[in-house]
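By written order: A, B and C. Residues from 1 in each chain.
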Amino acid sequence: MVDNEYCVRLEIFEGPMDLLFHLVRENRLDICEIPISLITKEYLEHLDLMKTINIDLASDFLIVAATLIRIKSRTLLPVSEEGEEDEEEGTEIARPLSEYLRFKKAAETLATRPLLDQDVFVRRFSPEDWTDKGHGPMVQVGICDLIDVFKEIMENAKPEYLVDLTREGLSVKKRIAELVDILEKSSSITFQELFSSKTNRSEIVITFLAILEMVKMDMIRIAQQLQDGVVRIFYG
Amino acid sequence: MDNLSAIIESLLFVSEEPLSISKIHSVLKEFDKKKIREAIEALIERYQSQEHGFTLKEVAGGFQFRTRPEYSEWIKRLKPSNPVRLSRPALETLTIIAYRQPVLRCEIEEIRGVDCGGTIRTLLEKKLIRVVGRKDLPGRPLIYGTTRQFLEVFDLKDITALPSLKELEEPNILCPNDSKSL
Amino acid sequence: MDNLSAIIESLLFVSEEPLSISKIHSVLKEFDKKKIREAIEALIERYQSQEHGFTLKEVAGGFQFRTRPEYSEWIKRLKPSNPVRLSRPALETLTIIAYRQPVLRCEIEEIRGVDCGGTIRTLLEKKLIRVVGRKDLPGRPLIYGTTRQFLEVFDLKDITALPSLKELEEPNILCPNDSKSL
């Protein structure tokens, strides 16, 4: 997003594969017969433009140019006995580039399809028809809305709420949700049942942490039977 | 059917309201109003003579496709698959519950700074959240979490698939091993 | 046209989204799915053979009336539209996701050779792609796939309706196999 502010050129090409494609095309040459001086010159021009703008892009270009130079230098050296090695060097860059070009082509094809609301139209109905009345304006929500809303809320919230969730925390939360699902179906479950199918060590730890958390939250009760010593978890 | 009729048919098709001749003329300036009227009449004729699910009718000073009344029973059975629509406050409450679950109402209210009883009720009604337990605190407050329905609505495999803020904003956090090399 | 076709036509006419056979069947329980499919095929045939302003198309796993592309200019004169506009980088990222789904961000970046966080975010916002889960890899990266909306926007029956990458002729400026010229 920040990139867009700098130059429209990114609309034309964005980075290494694009650049490589551009350079190869501009010279209307086989990638296998790359005129290195031309490439370097063009590359330096791009670098001049980019280095003041985006160091990431500049370094990406450097990789492209370095790879090209390496390929070229190989072709200038006397052919050794091990011809296969050379072949690998050549394909190393040609393969991803040709893959990228296939997708580029596919993207062009996709763009030629009849586009909804540009080439083809469907019947639309005024949104009031379906919205619940009396709840103010409604938004149709997707994941991005959730994230955006969460971001806004957190920006306005007090500092103590700004700690983001850790991955471990998420896993425990997921396990809690799963346990609630299980307990909603059958109101109790034995400890053994919860762990028997889990061979994975971290799963066991996460399940255990989830149970502790749920006990702390008073979501579940745990009881042990006197006779057989079976530990049972009860919901609610 | 000539070309003009087909063009007018496409205009009537996409229009939410009845289209008057002069409205159509304003779009099809190349054709005179008489020609437009003739084309519309041919269309009306056509939809009347053939057995279609809808007909072209003159309504409120314009022309509009309308379904045949005899099929109204079937149409009423077709419920629009109602996408979940939430008010902004409900969305905020839902978001907090999704990211902070299991969570208490007072915690949600502390973050939002307003009473959330109404929005929580709405979300419970829409089955997007549920009560997952009670906390061992004075008053034994209810603990809330999201439901399976929530995952379905947001197309998530499970709650951990919920992307974090960081993941969508910071570049490269998803690819710890730099795979950008050619 | 028989009665069933006319009823289905009226349902398709009032529906804002593509209707699948099973959705239609849920309304028309009296008719079996085979009959429904036959009726729809008759309708498609009919709108294809006659010169109509719109046709019946199979889109995103359902059926929907859509205007003929040749009339788009007139329709745009009638109502200003707001089509999805994508930059070329966004379109490329979308294409890779469409063909390679379920796919990780780093896999997309490997093909494009650049950071794709921004374009992925744009595509998520436009609801053309979605998070389909997380991969069991270090960092549990998000997995992306295309949405129903994607199929609707690009007028695709289903994801297999995309031309295969092989079908798309490989440009000649490369000669990955011809290693002799090295």
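Note that a residue touches a chain if its C-beta (ideal position, glycine included) is under 8 Å from a C-beta of that chain, and two chains touch if they have at least 3 such contacts.
This is a predicted model, so every value here is computed, not measured.
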Farthest chain relative to chain B (centres taken as mean CA coordinates): A
Of A-B and A-C, whichever chain pair has more C-beta contact pairs: A-C
Whole-Å gap separating chain B and chain C, where each centre is the average of the chain's CA atoms: 18
Distance between the centres, which are taken as Cα means, of chain B and chain A, whole angstrom: 26
Cα-centroid distance, chain A relative to chain C, in whole angstrom: 21
Per-residue overlap in chain B, given as positions that touch at least 2 other chains: 10, 13-14, 80, 155-156, 158, 160, 163, 168, 180, 182
Residue numbers of chain A (touch at least two other chains): 16, 60, 64, 96, 121-125, 142-144
Residues of chain A that touch chain B when the two form their complex: 16, 60, 63-64, 67, 92-93, 96, 121-126, 130-132, 135-147, 149-151, 153-154, 157-158, 161, 164-165, 170-171, 173-174, 176-177, 180-181, 213-214, 217-220, 235-236
Chain C contact footprint on chain A (complex, rising order): 1, 3-4, 10-12, 14-18, 20, 24-25, 28-33, 56-57, 60, 64, 71, 74-75, 86-87, 89-91, 94-107, 109-111, 113-125, 142-144, 167
Contact footprint of chain C on chain B as seen in their complex: 1-3, 5-15, 19, 27-28, 50-54, 65, 67-68, 71, 74-75, 77-78, 80-81, 155-158, 160-161, 163, 167-177, 179-180, 182
Residues on chain B engaged by chain A in the complex (per definition of touch): 10, 13-14, 16, 80, 82-88, 90-92, 94-96, 98-99, 101-102, 110-112, 122, 130, 132-136, 140, 143, 145-146, 148, 154-156, 158-160, 162-166, 168, 180-182
Parts of chain C lying in touch with chain B, wherever the complex brings them together: 1-3, 5-17, 19, 23, 27-28, 50-54, 65, 67-68, 71, 74-75, 77-79, 104-107, 109-110, 113-115, 117, 120-121, 124, 130-134, 138-142, 147
